[in-house]
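Look for subunit A in each of the two complexes below; its partner is subunit B in the first and subunit C in the second.
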Partner chain A sequence: MAKHRGRGVATINYPIGMNLGGDPSQALVHSNPTGKFTVTLSSIDLGQGMKSVTRQICAETLGVPVEDVFVDTADSDTGPHCMGSFASRGTHRVGNAVMMAAREARAVMMEAAAEELEVDPADLETDGRGAIHVKGAPHRSIAVRDVAIAAQFRQGRTIAGRGIFLVPLSDVDAETGEMTPATCYAHACFIVEVEVDDETGDVAVLKMTSAYELGRALNPKLVEQQLVGGSWMGMSHALYETPEPYYPDTREGPRDFNEYLMPGPGDICPHDVAVLERPASDGPFGAKGLGEMCANPVLPAVANAIFNAVGVRVNELPITPEKVLRALKARGGAVPARAR
Partner chain B sequence: MFELRKDIFADERDDNLKEIGQPTQRQDMLGHVTGTSTYYDDHRIAGLLHLKVLRSPHAHARIRSIDDAAAARAPGVKRIIRAADVPVNLNTLLSLIQFGKDDEPSLANDIVRYKGEPILGIVATSERAAIEALGLVRVSYDQLPAVFDVEEALKPGAPSVNATYPKNTFEYHGKYDHQKLRYGDVEAGFAQADVVLEERYQMSPIEHAPVETNGSIAVPDTNGRFVVYTSTQALFFSLDTAAKINAVPSNQLHFIGGTVGGGFGGKVDTMTEPLVILAARLTGAPVRYRFSRHEEMQFGAPRGAERIYVKDGVMRDGRIVARKVRAYFDSGAYTRLSSYAVVKCVAHIPGPYTIPNAHADVYCVFTNRTPATAMRGFGVTALDFALECQMDKLAVAIGMDPIEFRILNAYRDGDMKAHRREAKNCALIECAQVAAEKANWPLREQFRRMSSRIGGGADRTAAGVDRSRAPTPAAPARTAAAAPQRVAYERPAPPAPTPPPARGAPPPPPSPPAGSTHGAPRFSSVFGTRRR
Partner chain C sequence: MKTPVQFRLNGEDVAAFAESGANLLDVLREVVGDLSVKGGCWQGSCGACTVLIDGAPRLSCLTLAESIAGRSIETAAGLRRGAELHPLQIAFMERFAAQCGYCTSGMLMAAKALLDRNPSPTREDVVEALGGNICRCTGYEPIIQAVLDAASGDRRRRA
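So, the complex of A and B:
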């Protein structure tokens, strides 16, 4: 009776947005009379950071500090249509809609500033700190706040913009499955080290190492939050969770968190993450999305690591101690990789 | 530890940005960590009533009679809602995008098709009063044979689960009980292969387990409108579904949400809004309907189970020449979104690899269990589990390192995918190289030198083409990178560990524009300076 270590790997990709497209999202951006901006959406922030990532996209596109932008979501009377927060679509679809709206608002802002400075709008640039100045002549400058006041009270302009992003719906061929499922894909490679107890069948996850490519990390902290949280979820799906433990038999379904097994804080392990950025041609600043895919590679990587550790394959999820023990019994005991 | 590998693909990015790429604190962080963010259930409303539903104790049964007289007289009960009270009782979620037929009632009126299916609703002055009144309802059932296994459900004579789809399968293109993928000739691929491996994989259902269970509150407003506070993941999706079921114009409904306590796909199905709005319309009072944890775990839709058979043909040199998949999505008693996930699954086959012959049949199957729905990785998670376990087994079978095996077969820019679109913007190889380096997993030189940007396309990916043939002179673009792909594979001796190159010391030189870099030396902290 012993504990055996092993490691496993998986590589995956993941499509961004609803399969086949046809899932629009809209955004509105407007300035208040003193140059502070609101992004109005009907998209949902599930905790993934929808409000924050669209806020940064808007600020970058407008050329104003992020503190000067807030995102309002989700009210069906004020927010324009969004298909919803699912299918890893938020950053890509909504982000593009916000960019389009912010570009339109920026164009009006630059025209208003040009009128105040008596120059051509094409000669102006934003400094990202709340001012607009003539290219190459930073002293010929006007604050965004003063532009907004002038636009509202003197020029009669609306510093506002509308945006929509829609990937046209693709057909699916009935005979061959020919289709355009997605316009861009995120990628990952996940390596996990486990320890399998051949007496109890218990699997402990010891270390995770990963590389994720997601177009552009718009906010690296939000990316890290998703990737680390998602890997724990994947680990939990690999080893613990199901509401039907004897599927397809429906008995013994758990009713609460006492009966529904999940890892606890003591089961969490270090995760060493690298992020690569290969921009998508149609992503906002190249961004794709990472919401769903970060959990996916963990499941097979854990299964492969168990094989590497003790020489058994468990093809049914979740890989509970019971299944590991049954497989070990059928195999006649643990056979670590080095002994094969 | 978290690191951004800015050195890789640097020539494809403009990193001269101000706000993008900053680790800015979340807009809602302070509210979340101080417990002051407003979720749907944080609205305190005077005179709030509570809706609970009676759920079927049987997986499949005909309802003979319902006696709710005692419940109607119970203390605190304001209204009983029956199937006949629901204006448009039959619906399917994806009717909003014209996909599928209406197949699911809000309240079952003749047959219950899964344990937990709602039969009637009770609106009362407290949740407790509503639950106690539910205990007074007498329903008499004739139990019917039930089916729980996807392959059993497809056999002749299996109990018919869903009246709209009596053969227990969703209908694709008006004529098939599954979605097909056909690319190349898999049988020719298997005949050519040195090793053929067929395996069965099974994923059980998985609960989303959000901290906040599904729920909503409907409040009568002026002008005949209703304000609806909701936990939905898709505001207009839920609004339009609720408007259809209630047969009211969409602008009678004012949905407010946006801050949700975890969804993971489990808050798309609009399970509470239609009935809570109906309850508010029937009583003229504000009503809340929230799932208990037990309801969320057993009767709120889970990620559906999937059964997947994978058959692969592989050559001793590591090339996968054929992949055949047959998969069954367990949709439960009704369609919800599983029909959509089947097509997404087909699009994902054969995984992120270039395989010249691919074939799939994927079914959406009805069984007598809680309807399944979307969950993080919808249509892909179980398939990735099956394919990546399969990749590991294939690597063992031919004696190849599992990462090198994946790099060899990874899709590259210009490759043709099985759904007949050209791959672009690929990065699987680079992810594998970086992860291997970080984990001190030794890769041999030629695998550390491979690139998603080089060697794809041409006859590498043509359907049915034997890629072991020598390259023709007419294909110069792939010649340079083609050689290492055809390295003959003997069972490798344990590779000598390669010390990772020192990182960070010399800064990368300015990147030349994309497209002009072929053959030019380029610095990479993964590979050091090398010729591409």
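So, the complex of A and C:
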């Protein structure tokens, strides 16, 4: 009877969003006479940071300070249509729609500014701090607020833009069946170290080490937050959680948090995360997405680590102590990798 | 039948009529209107509803509202002083220790109870104090770090 250490690895090639064509999201951007901008969406921020990231994308595209942009979202009565927040699609799909809307609004804003300054719009640039000036002549400048006021009260213009992102349908090659199912992929490599107790069947996760390639990290702190939280969720799916322990028989399913197990603050382990940035050509400022991919590679890595530690393959989730013990019994005891 | 209950909530006197047998969580949210208290399970297994009763962390969903007469309740809504956030709130922000935020009030109150009685907790003390609080989103590490930050920030200020 002993505890055995093992290490498992998994890699992932993760397509962003729903694919095979379609998957639209829309965004509207308009200015208020105060020179502030509102982004209207119906996409939902579940805490992953959609509001922060779409706000950054809009501000950057317009060329105004991020404080001057508000995101009004999650109301499908008043916002333009969005497919939803899932499939790691928020930053990529909604971000692209916001960028398109902000570009259109920016073009109107520059025309309105040009009319006020009596120059050509192509000669103007934004300073990112709330003003627009003539390229090479920063003293010939006008505040975005004054442009917004002029547009509203004198020029009769709406500084506004519409955006949509739609994935083109991919043709299927009649001969080979080949097609392009996704527009961009994120990647990860995940290593998990476990300790398996061959007497109790308990699996403890000791350490996680990961590298994620997710395009440009538009908000590095939010990315880290997702990766740390998501990997814990993956560990929880691998070892603890299930709504249907005797699938397809639903009778013994958990009904509440006493029966539905989730690891607590005492069950976590150190996680060393590395983020690699390879901007995607079709992503907003190069961003792909990472939502679901945070959790996915943890599950096979844990299963592989258990195999490495004691020589058994448990291929049903979650890998509970009972399943580990049954597998060990069938194998005639633990056989660590170095003994095989 | 409704029973009158008087207690202190975040330093102010409060009087409310509670349905007899009602739990403190429902009375705080629905009668008093303090929506900073969250309910996740109403059965004592998630910690989202944690409040302080006379300084001790308690699950408001398992506390009979009538039993708090004359006692002092603290909730997340009472953490800040005017515009000034509590050190725990600042640390939670700086560590990105909330995502959906559903567990946050309970985490803050469990952490406050710890720091009030032990201003220099170890990591183990923090893990122990938050052990009854479930978080779906963060993986706990940012929350543990935030509580440790708030504690060491407090020590720095006193030094």
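Rule of thumb we're sticking to: the second predicted complex is superposed on the first by the 323 of 340 C-alpha atoms of A that agree within 3 Å, B and C clash if a C-alpha of one lies under 4 Å from a C-alpha of the other, contacts with A are read in each partner's own complex, and residues count from 1 in each chain.
Just so it is clear, contacts are C-beta pairs under 8 Å (C-beta built on N, C-alpha and C of every residue); 3 or more make two chains touch, one makes a residue touch a chain.
This one's a predicted model, so the numbers in the text were calculated from it and none came from an experiment.
Visitor: Mind working out whether A:G229 is in touch with subunit B, subunit C, both or neither, as first, second, both or neither?
Guide: Second partner only, subunit C.
Visitor: Kindly classify A:D256 by the partners it touches after superposition: subunit B alone (first), subunit C alone (second), both, or neither?
Guide: The answer is both, since A:D256 touches subunit B and subunit C.
Visitor: Quick check on the superposed pair: does A:T38 touch subunit B, subunit C, both, or neither? Answer first, second, both or neither.
Guide: Once the two structures are laid over each other on A, A:T38 reaches no partner at all.
Visitor: Based on the superposed arrangement, let me know which partner A:Q155 touches: subunit B (first), subunit C (second), both, or neither?
Guide: Touch partners of A:Q155: none, neither subunit B nor subunit C.
Visitor: Does subunit B (first) or subunit C (second) touch A:G264, or do both, or does neither?
Guide: second
Visitor: Does the superposition put A:G47 against subunit B (first), subunit C (second), both, or neither?
Guide: both
Visitor: Specify the partner with more touching residues on subunit A, choosing between subunit B and subunit C.
Guide: The partner with more contacted residues on subunit A is B.
Visitor: So, does A:R55 touch the first partner subunit B, the second partner subunit C, both, or neither?
Guide: first
Visitor: Applying the document's definition of touch, where does A:S141 land relative to subunit B and subunit C: first, second, both, or neither?
Guide: Once the two structures are laid over each other on A, A:S141 reaches no partner at all.
Visitor: Looking at subunit A, which of its residues have contacts with both subunit B and subunit C?
Guide: Touching subunit B and subunit C on subunit A: residues 46-47, 49, 221-222, 224, 230, 233, 256-257, 262.
Visitor: If we count contacts the way the header does, which residues on subunit C are in touch with subunit A in the complex?
Guide: Touch residues, subunit C against subunit A: 40-41, 43, 45-46, 96, 98-101, 126-128, 130-144.
Visitor: In the complex of these two chains, what residues of subunit B are touching subunit A?
Guide: Listed in rising order, the residues are 1-6, 8-9, 12-13, 17-28, 32, 59, 97, 115, 148-150, 172-173, 175-176, 179-183, 199-207, 209, 232-237, 239, 253-265, 267-268, 293-294, 297-298, 302, 305, 330, 340, 343-344, 346-348, 351-352, 360, 367, 369, 374, 376-382, 384-389, 391-393, 402-403, 406, 410-411, 418-421, 424-428, 430-436, 438-439, 441.
Visitor: Could you please specify the touching residues of subunit A with respect to subunit B in the complex?
Guide: That would be residues 7-15, 19-20, 22, 42-47, 49, 51-52, 55-57, 59-60, 63, 65-66, 70-71, 73-77, 79, 81-87, 128, 172, 174-182, 184-185, 187-191, 209-213, 216-222, 224, 227, 230, 233, 237, 241-245, 247-250, 253-257, 260, 262, 270, 272-281, 285-286, 291-293, 295-297, 299-301, 303-304, 307, 313, 315-318 of subunit A.
Visitor: Considering the complex alone, what residue numbers of subunit A touch subunit C?
Guide: Contact set of subunit A toward subunit C: 46-49, 221-222, 224-225, 228-233, 256-258, 262, 264-266, 268, 271.
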